[in-house]
Each structure stands twice: as structure tokens, then as C-alpha cells.
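Each of the next two complexes has chain A plus one more chain, namely chain B in the first and chain C in the second.
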Partner chain A sequence: MADVVVERGRIARATGARKGSSLRNVLGRKSTVAFLLTLPLILLIGLLVLYPAFFSLYLATLNKAMTKFVGLSNFTFLFKRETFWMVVKQSCIFAITAVIFKALIGFIVAHFVHNIPGKKQRKWRGMLLVPWVIPPAMSTLAWLWLFDPSYSAFNYTLSFFGVGPIPWLGETFWARFSIILVNVWYGAPFFLIMYLAALKSVPDQLYEAAAIDGANWWQKIWYVTLPMMRNIIAITTLFSLIVTFANFDIVRILTSGGPLDTTHLFATWAFQVGIQSSDIPLGACVSLFMVPILAVAAIFILRDVTKRGNEA
Partner chain B sequence: MSRKKLTRRQFVATTAMSSAALITAPYVRGAYAAGKLSIGFWDHWVPGANKASTDLVNEWAAKEKVEVSIDYITSNNKKIELTSAAEAQAKSGHDILAMPSWWPQAYAELLEPMNDVMEPVLKQNGEANGTVKYLGQSGGKWLAVPATIGSQIKGPCSRIDLMKKYANIDVQEMYPAGARPKADNWTMETFLKAAEACQKGGFPFGIGLGETTDSVDTAGAIFQSFGAELVNAKGDVTVKTDAVRQALEFYKKLIAVLPPDAPSWDDASNNKWLVSGRGAMIMNPPSAWAVAKRDAPQVAEQCWTHGFPAGPKGRFAPYLPYFWGVWSFGKNKQAAKSLLTHLSSPAAIEKIVEASGGYDLPAYANMTTLKTWAEEGPPKGTLYHYPNPYNHQTLSIAASPAPPKIAQQIYAQATLTKMALRYARGETMEQALAWAEGECEGFMRS
Partner chain C sequence: MADVALRKVVKRYDDVEAVRGIDLDIADHEFIVLVGPSGCGKSTTLRMIAGLEDISDGDIMIGGDIVNDVPPKDRDIAMVFQNYALYPHMTVAENMSFGLRLKHYPKAEIKARVTEAARLLDITDLIDRKPKQLSGGQRQRVAMGRAIVRNPKVFLFDEPLSNLDAKLRVQMRIEIKKVHQKVRTTTVYVTHDQVEAMTLADRVVVMNKGCIEQIGTPNELYHKPATRFVAGFIGSPAMNFIPCRLEDVGGTLQLRLTDRIAFPLPPARAARYNALPRTEKLLLGIRPEHLTESHAHLAPGVETFDTVLDVTEPMGMETLVYFGLDGTPVCGRVDPNAGAKDGAPMRLAMDLNNMHLLNEETGVVL
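Then we have the complex of A and B:
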């Protein structure tokens, strides 16, 4: 009996030592350390992103009074609404047009800034980032004054040339133009800074080799710069597409969705339906509709990036 | 180190004494014996008006020994609606919360009935107006208490000089200070002619066609004066009626003489229109006039607030009340009710009206002739007819008498102004009606 006890003790000690060393091994692994270090962020994302996301999924399955489960009938109701399809179309027009212009302007200006020598470049970089660092709600208020129906500074200036007054926010075309313009103004610096970083990482030897081969500036851009920047362009476009699709403040402040709902985006219409009309489940449905659109865009863009990564 | 030993007898005695002290403690009347109360009031536009409500609350708190905290919540960008929605979801929040017009009905199931507060208040202040009953009652139960703070009529505020010069209308004669209105000829027809004349003279009426409340409220009163209802009191869609067609025809003529950018106006645009001296009339409570008094006194001296023009089915004034609601999950409902009774007393109402320069309107019949409205100026008497002292117009809210939960959506989605604008911008009458009918059918969800 005594032998057994001793044996047991030995066995137990041996197992304990093995356990201790394996725990040390686990803790010593880089992946574990990385996981532990990111754990606070994962928890934060879980709390502030995943929980609200699942909660809005739950809300979207309730009736207007939020008293009973109605499955997907809120979605089928939405699909029958003319305004909903108008919002889908407008969100696509807004996001795609704005992202294209932001990317184009960012690309061109990044080249200009890249060619400015050292110290001056820092000043330009700082100045060009200003639109992006001002909180958009504040800068959009300044734009509202510029577009103001009665006292537009733009119209005042145009009047000297015998043009206008232009109903910047009162006509569908001009209202859409105005919100896209403000979004481009606000978002182009993000593209600029990303593209500038990408440009700086393109090795000079490639340009030198291209120059020796007799390439002109366009050929250098087409065969050297663009292929080297493809991944950055793809990821920046994806990020910007997500943020632009979900835009709220610019439309809310400039037009509140008008005239005749022709500038509503998913987020502003979701707010109008969910909060202003006290139909929170339907508002949740509208905002959730962004998910499949953005998921499809993300899959295509990221698949392309991964493919190129593997090729490299 | 010596250690004193606790005997069993000492332990029992100490425990009994401590328990007795703990149990009796709440009944000892201390500085804040009646607990805590948190209040969410609407943040007033008028400078200094918040101080009056703070003083009234503090006066009550000192008497009742309640510890109070007040948050002034702005209505800019629907902050107050967001607060209500968040508190309703969280089932936690202020003990008393200011709620804009439609919100008591939207959260009817979550609000404490207020009949015990309203019965004595109505006895003291007189009958509440019909719109307040429509918005604040459900099944004979008061869902919230009508708040004087923030409640307003958005009637015409006219320029005396411009109306005389271009439309040949003396608004002061029509609505004399201190006397009954002589407004029999002040009809929709006269109003339209005046709008056309002032537009020709270069001073168009500043009426918005946007999606914010000022635009919707004006449309509501015009539609009601033609008897036009998109959804009737029973909840039936009644878009395709002659009355709605008449209202649309009227609106089309009116839109032709409004500023071309009116479809993009928000609730600040009409105020700016008046203060800048560019328009002969706007539909607004006296806040625009109050700003003019400060920034453009020469404009303010020419402003006169008066009644709405009458249509074939009567004279309706756009009225937008606020309420004070108490959540059923609130922690100190008795104290909340006591404070609301205090804030609804005639003395408190008079103080609130005075502090707001006449902007705030009580909902009660006996409270429409306070001295503030008679004395405010310049010009003296400019606000005399603002509170509808002779009941010559029916106070109404756009989209009523539809069941409130449907009406709220017609109101929030600005269906009336959108329909009018669609027709004015070239859609046929039948297309505009069909669009509105489709919208209203969508609002029937329960």
C-alpha cells in the first residue's frame, strides 16, 4: 500500500513537471504571446463590434413593436419598397463615384508630392492631410455654409461671372454632386498618404532600368509604378469603399437625404426609418443590407490581393 | 499583544443594534431623504430659458428633499429622439425625459400612466387642446404630461411693411393686439395672392419644402384646411380623394412662388430668410423674431406673429408639443410625478413662458392669455395672437387624425411635402397620388 502511495506521488510529480514545462512551452510560443497581446483588442472588438452586429441581426427579425419574432419578413417587406431600391442605387453611385475620384486625385497628388524635395515635402504632406484630420461633421458644416440655399458663398462668387445661382442642395443632380464632392475632399488625403508610402517603397533601380530601356513617363507608370502599387491600391479601395458606403454625417448634415430622398444612403435612411419613424427593426434591416454588398466587394478584392501575394 | 474576546451575548447585542440602525435609516429625514431624481430636459434655444427650469426644479427639490440632476439635451440632429430610443432599449435612464410630439405614443408600453398627475392639473389649468390629447393619450390613459417648455405654434410671422406694400394686407389690423382677430378674409386664396404679390415684389414667402419639421408642419396645416387626409382616423388609406387633389393643386401654385431652393431648406433656413430681410413671411414660432431682435432690430420691429389662413374645411395652425414622460422602469416615479405636478402649476408655467420670451406654449385652455405675450415687443403686441388666445384656429399636427403610429411615419418621412414637390416638379397628379398611397400602405406595419 505504502509503495503504491510513493509510486503515485512520483507519478504525480513527474506529470506535474511535464505539465509545467508544456505550459511554459505554450506560453513561450510566439503565437501565444501574440494572442495574449491582442486579447484586449479582440475583447474590445467583440464588445463594440460583434455584440452590436449580432444584436442588430436579432433586431432585424422582430416586428415593428419589437414584441414578436417575424423571421425575414422585414427584409421581404423592404424588397417591395421603391425607396429602398432607390437607396441601394444611390449608395452605389455615391460610393463608387467618390472612391474613383478619391483614388484618382490621391494618385495624381501623391506623384506631385513625391517629386517635391525633402523638407518642403513634409510641409505639403501636412497641409494636404488637413481635410482628413478635421472631424467630418465640423468640416461638413463649413461646406453647408458654402452651399447654403440662401447665402451660398459659391453662388456669390459665381454671380461675378454671370453664372447661377445654382441650387446646390435643392436639385437632385447638384445635391448628389455636392455630397460626392465633399466626400472626395474629405477622403482623398487618405489615398494620397497611402499611395505616397507605396511610391516611396518602389525601388529606384526599377525606374533606372526602365529609363535605360527607353521607357517614357507613362510607360514607367504603367509598367513599374502601377504593378508595384497594385496591392496598396486594392486594399485602400476596399477600405474606402467600406467607409464611403457607410457614410452618414455628410449626407445628414448637407441634405438629410433630400430632395425627394434622392441623396439618401443606407445609413441615413436607416436612421430616418429606425430612429425618426420609431421602426428600429426595419432600420436595422436597412443598415444590415450593406453587409452582403461589402462582403462581395471584400471577397473579390482580397482574393486578388492573396493571389498576387502567392505569386510573389 | 492582548486580544479582547467577543462574548456570544455581546455579539448578539451588536448585531441586533446594527440591524435596527440599518432598517430604520431610510426613515430618518436627512438632506436628501426622498432619494435621487434625474431629469432630461430639452435644451432651449432661448438664452436663459434653461435657468428658469433649473430654478423651478431646485425650488421643488429643496422642499421635497430630493437630490436632482438635470441634463439639457439638444434637439439638434435628433439627439433627444436618440436618447429616448437608447433609454427605451436599455430600460434605464432619466426618471423624467422630455419627449418630442410623437414619442409618448411610440413608447406607450414603456411609460408610466400619468392620469393621477393630469386630473388635478386639468382642473387647475383648464382643458388640454385636442392635439395634445391625440398625441399624449392612449385608451383614456395619459402617457405623458404636456410640457410647456418647447411646445410651439408655427404660424405665420409676417413683415408688416412688406405685406402692406406688396399684398395690400395690414396684418396688425387683421390681428390687433389685445383684441379679437378680424381675419374672416384671411383665407388660403388671399394667402396665395399675397404670396404671388410678394414674390413679384422680390420678397417671396419663406416656406420650406424639405424633410424637416418646419416644412412638414406647414404642409400639414394646409392639407388639413382642405380636409385632406392621407390616412383617416380608422387607419384606412385615403390618398385618392378630391380633398387631397385640391390640396396638391393649391401647393403646386404656392411652390411656383416660393424661393427656388426651398426643397433643400432645413429648420434654420426660414429663420435666416426672415432675419436677412429677404422674405415677407415665414411659418415659425417667435424664435426667428427673437434672433432678429438681437441681430437685425430693423427687421424685428416689422414682424407680426398671427393666425394661419383658413381653407374650405377650417383654420388649422401647425402645433408641435413636447411632453415629459416617466419610464415605467424608472426608479423614483413618485418623486417624478410630484415634480411634474409642480412644473404644471400656473405659477411655474407663467415663469417658463416669461423666461422663454413667449416662445413656450402651455397646452391648457386657461393659460393662453399670460401677460408675456401681450407685453413682448417691439412692436408691442407682436406675440399677442401667438398662443391662439381666441381659439379661432384649431391647433393640429401634420398627418393627424391617422392613428399616431402611422401618422408618425407620414410625418417623419415628410410624405406630404414630398408628394407636393413631386406634383409641382412635373409628375402627374395620379403618379404623385399613387406614390403616396404606396408609401402609406408601407406605414401600416405593426
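Then we have the complex of A and C:
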């Protein structure tokens, strides 16, 4: 697009015999055109991302009534609270476990789907994407019913095997298990679709060459598929890690952080502290803690991607 | 190293027969080229030998053992692909040694084999590079190196030079021939380029529509084609096919091309074609190099005729001339100093000692 505009600019300049040339020159420059074309997005990001980010930084330095600047004392206060460290731990457990399972399931299912021929594949792909396209707030409500301790389908089914009833959302271990389960159910299709696209981009002849070289199916995956998909895996993992880490709706709907705050993530705890307990500066402070943790993950994963970008 | 044999091999895709029961015996050390237009089944045949395609019917034998159901990795073959199929995340050395590493060869032996193959292919300096940092020709060498280090029973080449530019193709063709002279591994090579086929092969297999048209040495195919397809496919520019008929004039057998042009056949040819019915619709097959400018001293069996040239193509060492005989386009090859000009009349000589006579309907060379 930009190229076309630039070309037109050049032609206009060549034929227009240098009248009103300074404005035309500025407009004709490639960088100017590029900037103008991205301006709407820059404004949008500024409005919806940068402004709230800086505003929350500002908020985090105020006292509870938001009348006085208190510096970093909100942060030091948080460090002393046991719940805060539990949230840090729980967020990490939740995000890492969920992402690992999403990636594993996505990878395995992507292989199966990849091997389904032609038209059938499209049907399966569509069906398997369903969890991802349903708004999570709605689908999580359905899960809430499934997890009901007395009347749910899960416990009813398990009762035939003499198991249960399991307090899905009432006990710390099971509550953590349940929110991870729902998150995996919701997020695995994203991995599936990304991995499927990556699988399709691996040339068949590499597998044929590997087959002739003597590789079995496992060696083909290890030596051909995985290295060829490394970048996609890294970027998908990072992306999912960020989204999972910042998850709000699933925990909010299923447990609201309970029992005894043991399933809180940063976002839900920030909501509880900031909105429900009316301590907005402290809530802002909690949510800001996601930034350094995610930044470290992003640096590690993306540094590897750029390093490898030169190989493939 | 081993011989390869195909017995009535068939490949069916749903209701399409890609390969229709071919028989082929490839001797140990032999360099066989499968050649034909796209869709003739040559690549499918190669992939069946490799084990990358199942065979629908028949038997494939490598070294005397039937390998129909043996997976590629256990057939002890190596294959060079058209787009090289190098593993992009591995270095040249890792690419070449991959097969050996999977088979858990000792490290010292792997190193020795890779070094030796790299030396043979002149890629020693590139051994630590990734495929992305190599040119097309270098990648092709690495792909060959990967095949050589395995020291397999059979080399399979699937149009290995099609992705290279013309100059490099000629160069790599010579390289491949040299490598084969050194390692002497039985080789099956697929190409659609008849020049590659002629220059590389001990024997050429010409395929068309899933069948073998003819098997023979490059010279046999060139001088004694069995069918119109082979006659037209081998040789560039292609052989001319001119409608003609036989007639008896005063006790000699004549070949009539047009109302104006008829030649008495040389005695050997006359004896060969005498039994043919005079009414049969025939085609004269004559290669462009047997249609030259006229000389003062013509050998027996060389007949002259006058024509008007449509187009001339000076090639440097020769000039190609194009003209029509009763609407049939014909190509000849004359000396660049013979004075051939676009639209000018010219006297040409046809060497009937090298003619072919074909049945127009069946395409069989008589």
C-alpha cells in the first residue's frame, strides 16, 4: 500500500514540475507516508494502553483516599502481606501449568488434525476452535454448573464409579485444578491453530528426506518438526503466557479468588483490592507487578527468536 | 551396491493409473535416467523405488530382495530432491551426517565419511554453514553429500538440477557424472530434460503416460527410436515429421513429400520399405542436422530440393532454418556461411540414409 502511494507521489513530483514542492516532498517521503498510515493505530494505543499504564503508575503512588502522594509505600506495604506472595505464587503456577498443558494438547491435537485429509480436516478444525470463539464469560458459566458440588454432571458421572463427590471449587487443590482445566480448555485451540499453521509450513520433502535418512516418527518430530516450529512455539508460548497470566474472567466467575484467596491471580486480586475494597491505589500497585514478571519472560523468549530468525 | 528390478509395477491413485505396469532391470553400478514429459509417471516410479509411495501392484526388488513393504529407512537408499530438502536448522556437516547419527555410527567414522564426501564435492569450506548461507549449486552439492556419506545401495535423484540456472545446471551435470564415476553406486535419475538424460545415462528410459516407450543407450534412442514419441522427445531441435507416401516410379521406390518433391530411396532403405503397402499413410522422420545446405559433391542417398525459408536463427556454430512443406513446418541446420536469409530461396539437401519412416496412425517407427 505504502509503496503505491509513494510511487504516485514520485510520479506526481516528476510531472508536476516542482510547484508547491515542499509540501509534496514531505508527503512523498516514505517515512512520512508510513507514519501517517500508522497514526490511527498509534493514537489508539496511546489512548487505550499508554494513558492507562501511566495513570496506574500515578495512582499507585497515592494514599487510599487518593489525596496524598505516598511514594513507594504502597509497594512496601504489599511486600509485607502474605496474600500478595500467595498471589505471586498462584499466578505463576496457574500461568505456567496452563500454558504447558495448552501447548502440549495443542501440539498433539494439531498433529492429528494435520493428518486428517482435506474436507474432513476443515470440519474438525472448526469444531475444535469452538471453545476459543465462545466468549469465556459465557462458557465459564457452563463450567460453573459442571463443577457444582451437588448436582453437576461431573460428580454425577463420577458417582457411578464410586468416586466423589469432589468439591471442585471448594477445596484449594481442586479449585486450582479446575481453573487451570477451564483455562486449558479455552486456550488450547489457539495453540492448535497456530501449530497447525506451522505444521503446514514444514515442507513434506523434509519428512521424506528424514524417512530415507532412517528417522522414525518420534525422530521426525524431534529433529524436523520441533526445530522447524521453534519460532512459532516461542511466540505462541509468550503470547499465551501473557494472556494467561493476566486472566481475569475464569477465576472471577468460578471462584472469585476463593477458597480463602488461594486461587487469586494478579488481575482478580487487583480487582478485589482496588474496586471491591475501594483501595484503588493499592489495586493499581498489584496490577503493576505483572509488568516486570512478564517483561523478563518476554526478553528471554524473544531474544531467542531473533537469534534464530537468521537461520531458517 | 545392488541391482534394482521392477516387475509389472503399477501405481493407481483412486481411478487414475499413474504408472501402468512397468518392467525395468537396472544393473549394479549402472546410471539409469528416467525421462519424459511431466505427468508421465517417472517421479512416481522413483518414489516407489524409494518407498515414499506404496505400489498398487507388482514387485520392486533391490539387491534381489523384494522391498514392496519395506519402509524407506530400511531400503538402504539415498535420495536427492529437487528442492534439496536440506534441514534448515542444521549445518552442512549435521545435514550430511544426520542419517549416520540416527544409525549410531561411531563419531570418528561419521567425521571421516563427512570429510571425505565434502572433499569429493569440494564443499570442505562450507561444512559449518547453514543451508541458508549457501547458493543453489552449493546446496545441491550438500544434498549429494548427504547421499554419498550413507554409502547406500542405490542413489535416487529426483530432478536435482531443475532449480538451478542454465549455466550451473551444465556444471552440476558434469559434477554428478564425475561423482558417479568415482563412487560407482547404482543410480536412478529422473529428469524431464532430454539433454541431461542423454549426457548422464548409461541407459535412458523414456516414459510416456505411465508406460515405458523405449529403453536404450543414448545413442540407440537417438539413432534408432522405436516410436514417434521417442523420436520427437530425444534431440533438440526436435525431429521433423513430414507426411509422405511411397510410390513406384520406373522400378525404383520413391518417397513423395509434396506434389513437387519426391526422392528416390537409397537401395538399403528401398529394400527395407519395399514390402509396405503403397496406400499407407506414412511420416518421414528426419532430424534437422540431416537437412543441410546443398553441396557440389553430394554423397549417395542425399537428395536436394528448393524451398523458400520462413525464418532463420543464427546460433553461431550453425544456423537453424525454418520452412514449410505443404504446410508442415520443417527445421533444418545449415552452415552459418551458407547464406541463409529470412524469406530467401535456398537449395537444401536431405540425407535419406538417416531417415526414419513412421506409421502415421500408430506412431511406430518402421
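Methods note: the second predicted complex is superposed on the first by the 277 of 312 C-alpha atoms of A that agree within 3 Å, B and C clash if a C-alpha of one lies under 4 Å from a C-alpha of the other, contacts with A are read in each partner's own complex, and residues count from 1 in each chain.
Just so we're on the same page, a contact is a pair of C-beta atoms (placed from the backbone, for glycine too) under 8 Å apart; a residue touches a chain by one contact, two chains touch by 3 or more.
Keep in mind the model is a prediction, meaning the values are calculated, not measured.
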Given the superposition on chain A, are chain B and chain C in a clash or a fit? fit
Based on the superposed arrangement, let me know which partner A:Val224 touches: chain B (first), chain C (second), both, or neither? second
The answer to whether chain B or chain C touches more of chain A is B
Least Cα-Cα separation in the three-chain superposition, chain B to chain C, whole Å, stands at 51
Show which residues of chain A lie in contact with chain C when the two form their complex. 203, 205-206, 208-216, 219, 223-224, 227-228, 230, 310-312
Quick one: in the complex, what on chain C touches chain A? 50-52, 71-73, 77-79, 81, 83, 85-89, 98-99, 102-103, 130, 132, 146, 150
What residues of chain A sit close enough to touch chain B in their complex? 63-65, 77, 81-83, 148-151, 165, 167-171, 175, 252, 255-261, 271-272, 275-280, 282
Can you list the chain B residues touching chain A in their complex? 77-78, 81-82, 85, 89, 102-103, 106, 109, 209-212, 259-266, 269, 272-273, 276, 278, 405, 408-409, 412-413, 418, 421-422, 425, 435, 438-439, 442, 445-446
